[in-house]
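Structure record follows, encoded as structure tokens.
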Amino acid sequence: MCTAATYQTKDFYMGRTLDYEFSYGEKIAIMPRNYPLQFRHDGKKITHYALIGMAHVIDDYPLYYDAVNEKGLGMAGLNFVGNACYNDVQENVRNVAQYEFIPWILSQCASLNEAKKLIKEMNLVKTPYNEQLPAASLHWIIADKSGCITVESVKEGLKVYENPVGILTNNPAFDKQMFNLNNYMFLSPKQPVNMFSKELDLKTYSRGMGALGLPGDLSSMSRFVRVAFTKMNAKSKSSEKESVNQFFHILGSVEQQRGCCEVAEEKYEITIYTSCWNSQKGIYYYTTYDRRQITAVNMHKINLDGQQLISYPMLNDEEFYEQN
Amino acid sequence: MCTAATYQTKDFYMGRTLDYEFSYGEKIAIMPRNYPLQFRHDGKKITHYALIGMAHVIDDYPLYYDAVNEKGLGMAGLNFVGNACYNDVQENVRNVAQYEFIPWILSQCASLNEAKKLIKEMNLVKTPYNEQLPAASLHWIIADKSGCITVESVKEGLKVYENPVGILTNNPAFDKQMFNLNNYMFLSPKQPVNMFSKELDLKTYSRGMGALGLPGDLSSMSRFVRVAFTKMNAKSKSSEKESVNQFFHILGSVEQQRGCCEVAEEKYEITIYTSCWNSQKGIYYYTTYDRRQITAVNMHKINLDGQQLISYPMLNDEEFYEQN
Amino acid sequence: MCTAATYQTKDFYMGRTLDYEFSYGEKIAIMPRNYPLQFRHDGKKITHYALIGMAHVIDDYPLYYDAVNEKGLGMAGLNFVGNACYNDVQENVRNVAQYEFIPWILSQCASLNEAKKLIKEMNLVKTPYNEQLPAASLHWIIADKSGCITVESVKEGLKVYENPVGILTNNPAFDKQMFNLNNYMFLSPKQPVNMFSKELDLKTYSRGMGALGLPGDLSSMSRFVRVAFTKMNAKSKSSEKESVNQFFHILGSVEQQRGCCEVAEEKYEITIYTSCWNSQKGIYYYTTYDRRQITAVNMHKINLDGQQLISYPMLNDEEFYEQN
Amino acid sequence: MCTAATYQTKDFYMGRTLDYEFSYGEKIAIMPRNYPLQFRHDGKKITHYALIGMAHVIDDYPLYYDAVNEKGLGMAGLNFVGNACYNDVQENVRNVAQYEFIPWILSQCASLNEAKKLIKEMNLVKTPYNEQLPAASLHWIIADKSGCITVESVKEGLKVYENPVGILTNNPAFDKQMFNLNNYMFLSPKQPVNMFSKELDLKTYSRGMGALGLPGDLSSMSRFVRVAFTKMNAKSKSSEKESVNQFFHILGSVEQQRGCCEVAEEKYEITIYTSCWNSQKGIYYYTTYDRRQITAVNMHKINLDGQQLISYPMLNDEEFYEQN
């Protein structure tokens, strides 16, 4: 399905994989500060923070999958089928349609703290974008360099969780995912020592045996554990190149290869794209299943005071570098 | 440590990861047909098949880690520490120093069958390249489009195994690795069905649950199972781009991220490079930990009738593609 | 810690293990119909259903660990440390001290349905039996031949869950335990078939490979899965001897052996006793760690119209049967 | 299939489970010193050490499954289907039919050392007992208080392994089973510490989490690991009752419950009997699936100088002890 992660070196990075069996058509979309934002139930924003992110653009409107704003607050929506449950529109609250949750937050909040406050006023409602695009079942990860939260709208109401691991996948709900990490506390990047029996001469016959027990499949609970272990133990230098590169390696640990997750007869879920943004610099990096080279779109290369949505096609064609 | 794999679409592909905590300095080296090959104990070859592969080049001599010849026979050596055991030089046999096993085979054999026959005459000996480079503990995978074998020189003698899965990692010995796959026969890219109890309403709450139980750590036994599952279930179209790309996804399933395998205080094993060659076309593709874009070196772009080793540095610097 | 299970053949059976590092002193206690039951906050019951169960008896009062009443309704309390959370006494509700929850239900309810109704009126409170015996952190399983529920008093309030698997262990909360079973739906008493790859000749080299992946450790989540698998697949004839015997085999699958669960320096949790009652016949069977032979106490062998608690010591001394 | 174990307290204990879907009819058989032992190819023994063990008795001849002699040397044969490979009768060696391997060793050897020497002279042959009883595919564990070995007759020849863990199950071969223990060296009876990440507040929410990863199914490789962990960490006092009791708890960790291992339509493998002998005292203890109480047969209660095989039926009927 999908995996999101955060990563801190000198700068704060965040991104996600989008795993699915087909693409709706994605574009890297920059929404400048004066793009007129008409919310469905919550009025209009003429001026706001600029955003960059991956979106399905329809009628010049970006349905963002993930984005970051010019203040460094990032957000991603991930599948949460069977658990997501949205409200009906109510009076005297700020009703927000699920499809506009990302721009509603990122256009108005300069920090995670501001986002937390705004969410308290929010009633997340099931209004679809249009009849052809029913509400997606999602949950969200929101983060800046100060921290990370998970937002889940479930039957019992809206849950806002602190997310100390900076990871989100899909089902089950975030509290179950975090609890499940307890079962893996013995995993380590270091070699194990023999605690089975002092009387047996057991050997570490291979490097990397300290994480024996780490799940390797593509289910969302296993991806949560694996990417959490990878991210929490990841080491890199802090330059832009090294940080971004390491981030793609982290999400690479849960990449979905074509053929390994069959969702219908000869339909395979794959990692359609992987994104990584530098929250401070406003640069959105991505790779796709067919294009390994990292492509960058920099929001500050356009005039952020504009009114028009600027979008770039998601490049998807591998170009081999010919060394001879 | 390392992982090797084969992959068949329209063409036959083969390659490997090299996982280690530091690099000896690798180059992509093409040995043309008239490069004078002086074997340590087995005479000289003035004319032979041309090779391309990754090597540590010393005194203009390529110590190949992996290579393929112009006939489409490929070979890779992978760490086998604690198990590899080489012979002393004997009379009346063809003594081959372990460091020259790859060129000895690839320079003379046009097919896996020819390699199997030649190996029967071979006495693999411990002679080091020089005093500074002691014999590496290795085992080998040799393959062309007709099949794949594993060669292990152990205490009990030289073992040549048919390798039906087309995978090699490190310890333990190949027969134990293959046997271990039996324990994972229930893994599937399809969703599981409830066999636990008909009376319980168990649910597939996530996609990808059919491979629950697949190991996710970096030890060599776990990498063997994981990459075997990924390769045996991999699906791609058969064009060069799609085949090569899928091959890198297959080996990506066992990539080693910096930080997850600590081999000494703050020393981490990583996937230094990943290679993939098209056996028919003589093109050697590679990526490195720091450079995701696939780089290609084509042996047929040089004069293969030359006498000089042609080598190219292993490019290791990520270049982001700037889309705006 | 503890494991409880139900089992249906011709009759309905229920029981539990009590796992701990020391015993408080247990007795098999029969409370006849006219034993005067003085509840702490909910008045007095002069006449009520008779019970039999395992208890720590203090001041002639049975602090039941588990019990069944003459109508066939059974109940057991199991450790739930860190999650159990009891209320304060409130007005206008039926306040029940946690230590008297078992007799309060079993003395008044002839069926699970009656228990469910009564629980709706209950406010489970933290009042301890006395100052030396602080409130234990528990959750409960209640069952008769019609069904099974789990009752958990947690921070969020009193949770009453349908328990379709008829199993209870300890932490985490019951909903997490049930959810976790989804991860094991592929386990089977039958041999697995090769779904890994049709091209590999994988073998079932041993019987019993269909449940590869079943956890074997003594943690409460692993015991839940293991005993659930064992119970849901258990087969026996339906005579009393065969049913009771099979029940002890089911709970035997999660027995705690001395040495395998160290809870403090040289302190080991073991299965102190295992109980099994025939709900219809009012017979309470048990074994202890040191006494394998099944011992039976039959409530109908005493005058159930009495007023005095009748208790029997828990026999704990193995007697080998000498065949020659 | 089967599991064998050794256990040392003040005395040395050894025993096994026999797991199968039906019984051939077992008896506890004492072979006194003057029972005339006619070996098939290796002459006759008129006087020899006395034995006690479990056997299928045919024509007054005991086909021992497991036995111990009066000197304290014990031995058990366990299924090894698909791997066992016996020789043809040869000249100038001591040919021993596989069915008489146990009495051949135990009648002549006073210690493990003597057994090791005798085995060097042995040619283990496929001669069946008779046409109705084809040679069983077995391997063997032989032990006294000085040590333990495993004997396997395979395609490559007779293998005699030191057995430091004192455990035997079934397939695969013993060297693979021992190697596999390396993968579990991190298991511990103590609680795990958080090595996953210092920045995450992971919790041991249950006791017994130190052995998370221990396999719980009934396959022979999983039983090997589980009983090895249980035995190597087992703690008991050293009296006869406590030692024997703990031994049955150790083998109880791999007991096969009816229903959990289906070997054919509605045919289930179960633990038919579990045995435990005190090697020094010559007492043979056993329990059966249907009879939990430990039954004892003492070889020293009969005249060991006799000539007749003395056998006792395997008692199999549970007798509940009625406490009231």
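Letters A, B, C and D name the chains as they come in the text, with residue numbers starting at 1 for each one.
By our rule, a contact is a pair of C-beta atoms (placed from the backbone, for glycine too) under 8 Å apart; a residue touches a chain by one contact, two chains touch by 3 or more.
Since we're looking at a predicted model, the values are computed, not measured.
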{"item": "Taking each chain's C-alpha mean as its centre, the one farthest from chain B", "value": "C"}
{"item": "Comparison of A-C and B-C by number of C-beta pairs in contact, larger one", "value": "B-C"}
{"item": "Gap in Å, rounded to a whole number, between the CA centres of chain C and chain A", "value": "44"}
{"item": "Inter-centroid spacing, chain D versus chain C (mean Cα positions, whole Å)", "value": "34"}
{"item": "Gap in Å, rounded to a whole number, between the CA centres of chain C and chain B", "value": "55"}
{"item": "Per-residue multi-chain contacts in chain B, two or more chains", "value": "172, 179, 183, 187, 190, 205, 209-210, 212-213, 221, 229, 233"}
{"item": "Graph class of chain-chain contacts, one of line, ring, star, complete, other", "value": "complete"}
{"item": "For the chain D and chain A complex, residues of the former touching the latter", "value": "164-165, 179, 181-188, 190, 192-197, 199-205, 209-210, 212-213, 228-229, 232-233"}
{"item": "Chain B residues within the chain A interface of the complex", "value": "1, 28, 82, 170-172, 187, 189-190, 205-222, 225-226, 229-230, 233-236, 241-242, 244-246, 248-250, 252-253, 255-263, 266, 268-269, 285, 287, 289-290, 292-298, 301-302, 312, 315, 317-324"}
{"item": "Residues of chain B that touch chain D when the two form their complex", "value": "172, 176, 179, 183, 221"}
